[in-house]
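Sharing a structure here in structure tokens format.
Letters A, B, C and D mark the chains as written, and numbering starts fresh at 1 in each.
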Amino acid sequence: MSVTKSKNIQQMFQDVRAYSEKLVAGMEIEDFILQADSFVSPTKWHLAHTTWFFEKFVLTEFMKGYEPFNEQFFYLFNSYYETVGKFHPQSMRGLISRPTVKETMAYRQYVNDKVNELLDTTEMTDHLYELIEMGLQHEQQHQELILMDIKYNLSFNPLFPALFEPKESTNVQAPELSFTSFEKGMTKIGTNGEEFAFDNETPCHDTFLNGCQIANRPVTNREYLSFIEDGGYEKAELWLSDGWQLVKKEQWEAPLYWVRNDGGWSYFTLSGLQPVDWEAPVTHVSYYEADAYARWAGKRLPTEQEWEHAMKNEEIKGNFMDHDRYQPDAHYHGARFEKAFGDVWEWTQSPYTPYPRSKPLDGALGEYNAKFMSNQIVLKGGSCVTPLSHIRLTYRNFFYPHMRWQFSGIRLADDPVES
Amino acid sequence: MSVTKSKNIQQMFQDVRAYSEKLVAGMEIEDFILQADSFVSPTKWHLAHTTWFFEKFVLTEFMKGYEPFNEQFFYLFNSYYETVGKFHPQSMRGLISRPTVKETMAYRQYVNDKVNELLDTTEMTDHLYELIEMGLQHEQQHQELILMDIKYNLSFNPLFPALFEPKESTNVQAPELSFTSFEKGMTKIGTNGEEFAFDNETPCHDTFLNGCQIANRPVTNREYLSFIEDGGYEKAELWLSDGWQLVKKEQWEAPLYWVRNDGGWSYFTLSGLQPVDWEAPVTHVSYYEADAYARWAGKRLPTEQEWEHAMKNEEIKGNFMDHDRYQPDAHYHGARFEKAFGDVWEWTQSPYTPYPRSKPLDGALGEYNAKFMSNQIVLKGGSCVTPLSHIRLTYRNFFYPHMRWQFSGIRLADDPVES
Amino acid sequence: MSVTKSKNIQQMFQDVRAYSEKLVAGMEIEDFILQADSFVSPTKWHLAHTTWFFEKFVLTEFMKGYEPFNEQFFYLFNSYYETVGKFHPQSMRGLISRPTVKETMAYRQYVNDKVNELLDTTEMTDHLYELIEMGLQHEQQHQELILMDIKYNLSFNPLFPALFEPKESTNVQAPELSFTSFEKGMTKIGTNGEEFAFDNETPCHDTFLNGCQIANRPVTNREYLSFIEDGGYEKAELWLSDGWQLVKKEQWEAPLYWVRNDGGWSYFTLSGLQPVDWEAPVTHVSYYEADAYARWAGKRLPTEQEWEHAMKNEEIKGNFMDHDRYQPDAHYHGARFEKAFGDVWEWTQSPYTPYPRSKPLDGALGEYNAKFMSNQIVLKGGSCVTPLSHIRLTYRNFFYPHMRWQFSGIRLADDPVES
Amino acid sequence: MSVTKSKNIQQMFQDVRAYSEKLVAGMEIEDFILQADSFVSPTKWHLAHTTWFFEKFVLTEFMKGYEPFNEQFFYLFNSYYETVGKFHPQSMRGLISRPTVKETMAYRQYVNDKVNELLDTTEMTDHLYELIEMGLQHEQQHQELILMDIKYNLSFNPLFPALFEPKESTNVQAPELSFTSFEKGMTKIGTNGEEFAFDNETPCHDTFLNGCQIANRPVTNREYLSFIEDGGYEKAELWLSDGWQLVKKEQWEAPLYWVRNDGGWSYFTLSGLQPVDWEAPVTHVSYYEADAYARWAGKRLPTEQEWEHAMKNEEIKGNFMDHDRYQPDAHYHGARFEKAFGDVWEWTQSPYTPYPRSKPLDGALGEYNAKFMSNQIVLKGGSCVTPLSHIRLTYRNFFYPHMRWQFSGIRLADDPVES
């Protein structure tokens, strides 16, 4: 392996690991162990679990005589262990006050030092490189989760605490909605590429598309408000059956985090309670809401293949985690596809299934993605809490259709105009 | 419309309506109102609801001065009404002892007479024809549900009651498992045909398939037993994540209705508790079990497109409801694809989604199928409780992946041999 | 044992057994297996279970060579068997369509014949006498349950079926509320008597009462309506903490079975939906409602000892099951204590606990009552669905404080006037 | 009011307030917000809520121009506010990371300063005195809750953290079990006394007792182990019906906090996982377990009146919070009634009900105790986490019969020997 590539991964290791700590620098110790539901984790757990990954898959395998920081952390910060007795460990992460935040940070430092020592003293192999790369991608996923989860956890505090300074709104008006047409025909989906990708993006394969139109930008908060005000949440005929039952059971009447305020709406952000930025993309909507909105608008959601085909030539730039904004914004640039990347994960209509001829990875890392391939829906494009260097055209994110705590949004599609 | 076609539908009306009553002829009055869970309905309800369909969509629309049998039945036997107060009407169907079975049968007779009178005295139009045809297809769906549901309901009785005489087993050995290969290439899926089809089967459209192999027959009880005995239900790595949680929560260890007996296995059938017919197709497995079995066998499930493509030239015959067997059997004929139709609904790996450019029907019938297009999986081919005249190559059945009370089975597929 | 006493029990056996069948004579077969919740049982089960009691405790013990009607009924109709697998048998009673009602009646006849044969041919002993007496008391309890349960089960039918002809209302005005004072002092509670009593009524023991006042009649529907209209169900300060949580969770706003109708109220009775008889005692209230009403009225509920002490000289007559009314009525006779017995079970403030020096019975019958002595409240006096011959001054009925399907009502008490 | 009495309360204010802070001095910040279930509260909440009590009932009422530390704390730390939307505030206390522990301590200091200022500058009245006294009693209750709750919260950590240094075991053998007899007759129960008491202890009233025997000491861990080893948790006939259902549902097989270890038992204490002290009183048993143990031992639990009558002349001393042990111990002194006070709260058989002629307090403090008088059981005598100055002979503690996180134990009673 080239020295440059090897040096690069060492630099990336330092950068990514440091970024996690930057993200949490403004938190109080009390914030680190909040866990409001079993589908979110405490910040402390994320910081420890990503560290455990390097300890488990890199240090214990490659560093001779490695002594773990604390044997018990292997159990506590492993995400894969099974139910113990009647308590599901995942929902109990918020009950683990010890090790403290300080000890957890020492654990990070210890592992960082050891990995750096390893990289300084060992010859880089492809296998080692891949494991570190996987560990960093894994940590980037957890950076996004740290922000999603802490937002969810803080939202239960009636004081609406702010982790970050609010960014000023741009007051730019979103461009008019328009659509670009794509002819029917064969296309290539997925990757066999040189660059890092998860196993669920492979192999690259041929697909036939029946033609479609794709919207120039995501649906805005203003547009979504029209749906609300038109009684969207009260019309059963707009909803998938499973979605409608949820609407009634959960009494949904707006996206997650929206708060009615003196006849208007605010929303909770990582900068506290803020006025809704009406020109920014709507976010924190479930698949059911995205689908109902599209039906209300006389459109539909794109398939993941249509989305990937349409965005093939779009540059990957935009409002990512690296912008320190952590909320979709109202910057528009007159592009054919505004905000194709960043701002909000865009719901497709495609259930998350394996690509033709895909093969699972071997070993413990092998169960990485395929085992989640039921009942989930693919989202594309990354969001305002995704690290820029983590996203790709072929990236497939996935969430259950009822979930809303991710920064998910809506890009409309349509069938082609009949000729 | 031709007189022949018009006469035919009248004959079909009499046949299908009479068949429903034939199915329940052996039931005790007490059996008719059993409802063991909210996803099944009492037999009485099925008999009344299918009747309501004709009353609502045919008689009140086409027969001048039609007087309903009982105004209140409009409410009671309508499947679409929404939650009343805190009780979900669907789960309360088993609590409605009145009208009695006798009154329900009188209701059927009344509506039958009126429809016959209408057909005798009114000129048949396309619209009327379609509504009657839809009503009959609807009744055939409920004939299958009557058998599925009563089996489920009776299964809770420790006396294992039998509704029908048991059929003797064939003692034929299933043919060896083999696979037929299909090349990659374009194919047509769905229908625009002249024959009746549900909206979810349209439009006929082009699809590209990546090539596959399809098994010659469904997985047998004997093969499935090997999976059980190999610890299939205890190996997390074989299961989708959602499925594994269910296995543990529900303590699944065999297909639904299997009962451990002196070290061996029996199963509950509509003819009571019976020894397992080891050479017959396994049935009453969930999607998770079908998927786990396939992974254990080193194979996969087919996509619905692969299945439809493979079975294009198969004749539609086999062990259907009309055979009065109501249980998969072990008849084999040396065909390329044994039991492609009948015996068991075959799980595909395809989530139930709309076909490209599909359009919903208008009006109340319009919500028929599309609103169920989330979280469900497509099954193909019909079963031993499906009426023969109800099934088609393009027929798409769908169930949630956790469901097992339908007569579902497994046909394996594989990627093509690498060349 | 005297021949007379022996003859009497034989006559009682015939009378009580026949009465059960008289109660259900107007039911449709479909009604017999309704079970709307796990705390109620189907009528068929009651009829079979009371029969099982004689088979199990009398015939198998005293009749040489007794052959059971059906071995499996021992399992099916035994109320004491434990949970089988994950299904609680009690909540599954409504799923047992076989044996049919007809077979169940044949079972009753078979056991009746055998018991009569036994009584004709065996010399009566004290032990046999006691078991038959216990069996009859047990059957009378289930007669009350048959009526309570079928009322609950039918109440879920939006057609409000009627089992019995409605009785005309008396239109008598309830006498003005007044109180009788009792001095503090010692009194005797419970029984050691010759007459039949359950073990929970023994032994007779000394108690010191601090003095009280007891109301002349139960609270009427009209009075209870004032409580409703005064916002009784919205004022947390009137309620026990556990009760208030229930009020909010269950959205209680009136007694069970009350139905709002065009701005007024009706209630569901065993004679269908009827206008509320405002002068009759309120019924189907929980302990929490009785307690909240009393607090609202500036009074309290009596202890069970106060109630028993106060009613010592009251004659046992009134509106019992034998009146075929099955609903509290508005007959008043100017008595010091109107309706002390019959009409409604009167909530006391006393948790159900053992009497001093009480001893449990031996054997299976021994667990009869004592094991229910937690979390329940004592009620006194019998109701309109209690057989007259079943009630006694010392009778202690008991229900959980949240339960409302029994015919429970309210008699107010107060501390003595300070002198 | 005398200057001495006024000075005393000022000293008590400083002592009690300081004690709360002493209790938590060894905690990590992360420990302060743990909340493992809705029936426990985070330590931080207890510290703030007890402070809120003084702010609300003393400062805002008696100090002219008092400015609250933070208006929002009135909402956050009020235990009485009702459900907001679908979230029950009580179960969300663990989600409130802000205010931080540091801010909470500043809040305490602020209120302490203001109360001290008030007491220095205002003339003490009876009313002010009573409110401060009530506030201190309230804080002492929460001191016990702080220890109960943090023990419960830490018990979910598989590392078994210790808050305090373990105390050495005494290795003293418990004295042989013996009983003291009490004749039947009248006695006085409750208090009208000069000393502070809660409203539920009043008024003092006459009661007749039927005679009893009371054990010389609580049941030990060794004795309780015999019950376990004799299959106590598997014998339905030993249990109250409600208790037995709980045993099966929760799979209880030992007291709370007991952990099976290499064939033996340890238990979790506030000093971490420790070997069981076999001669010490068993604790963390539910009422159901206490009752089942007593039945197994051929005895019963005492009524609260029997307990109070028996202990009338016992000195109030023993293993209280002030001993810093926080776990029952095995010190015995040869007294007639060992450990009548301290060590463990002793379950009586008496449901928690109002005393004859009791009257609720007026106003917000009026709902203090009476509203909990359903479904709970009285316990007597205080425990190893009760402040010595908080307990009295007439003190009535109460818990639901299924609860085990309080330091509850068992003292046996029996009926008198028949003469």
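Criterion: contacts are C-beta pairs under 8 Å (C-beta built on N, C-alpha and C of every residue); 3 or more make two chains touch, one makes a residue touch a chain.
Per UniProt, the chains are A, B, C, D = Ergothioneine biosynthesis protein EgtB.
All values derive from a computational prediction rather than experimental measurement.
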item	value
Subunit C and subunit B - chains in contact with each	none
Chain of greatest Cα-centre distance to subunit A	C
Distance between chain centroids, defined by C-alpha means - subunit A, subunit D (Å)	47
Inter-centroid spacing, subunit B versus subunit A (mean Cα positions, whole Å)	38
Whole-Å gap separating subunit A and subunit C, where each centre is the average of the chain's CA atoms	60
Shared interface positions of subunit B, touching two or more other chains	none
Subunit A-touching residues of subunit B, taken from the complex the two chains share	82-83, 184, 186, 205-208, 210, 236-237, 239-244, 248, 287-288, 291, 349-351, 353-354, 356-357, 367, 371-375, 401, 415
Residues of subunit A touching subunit D in the complex	28-34, 36, 44, 72, 75-76, 84, 86-87, 92, 94-101, 153-154, 156-159, 161, 251
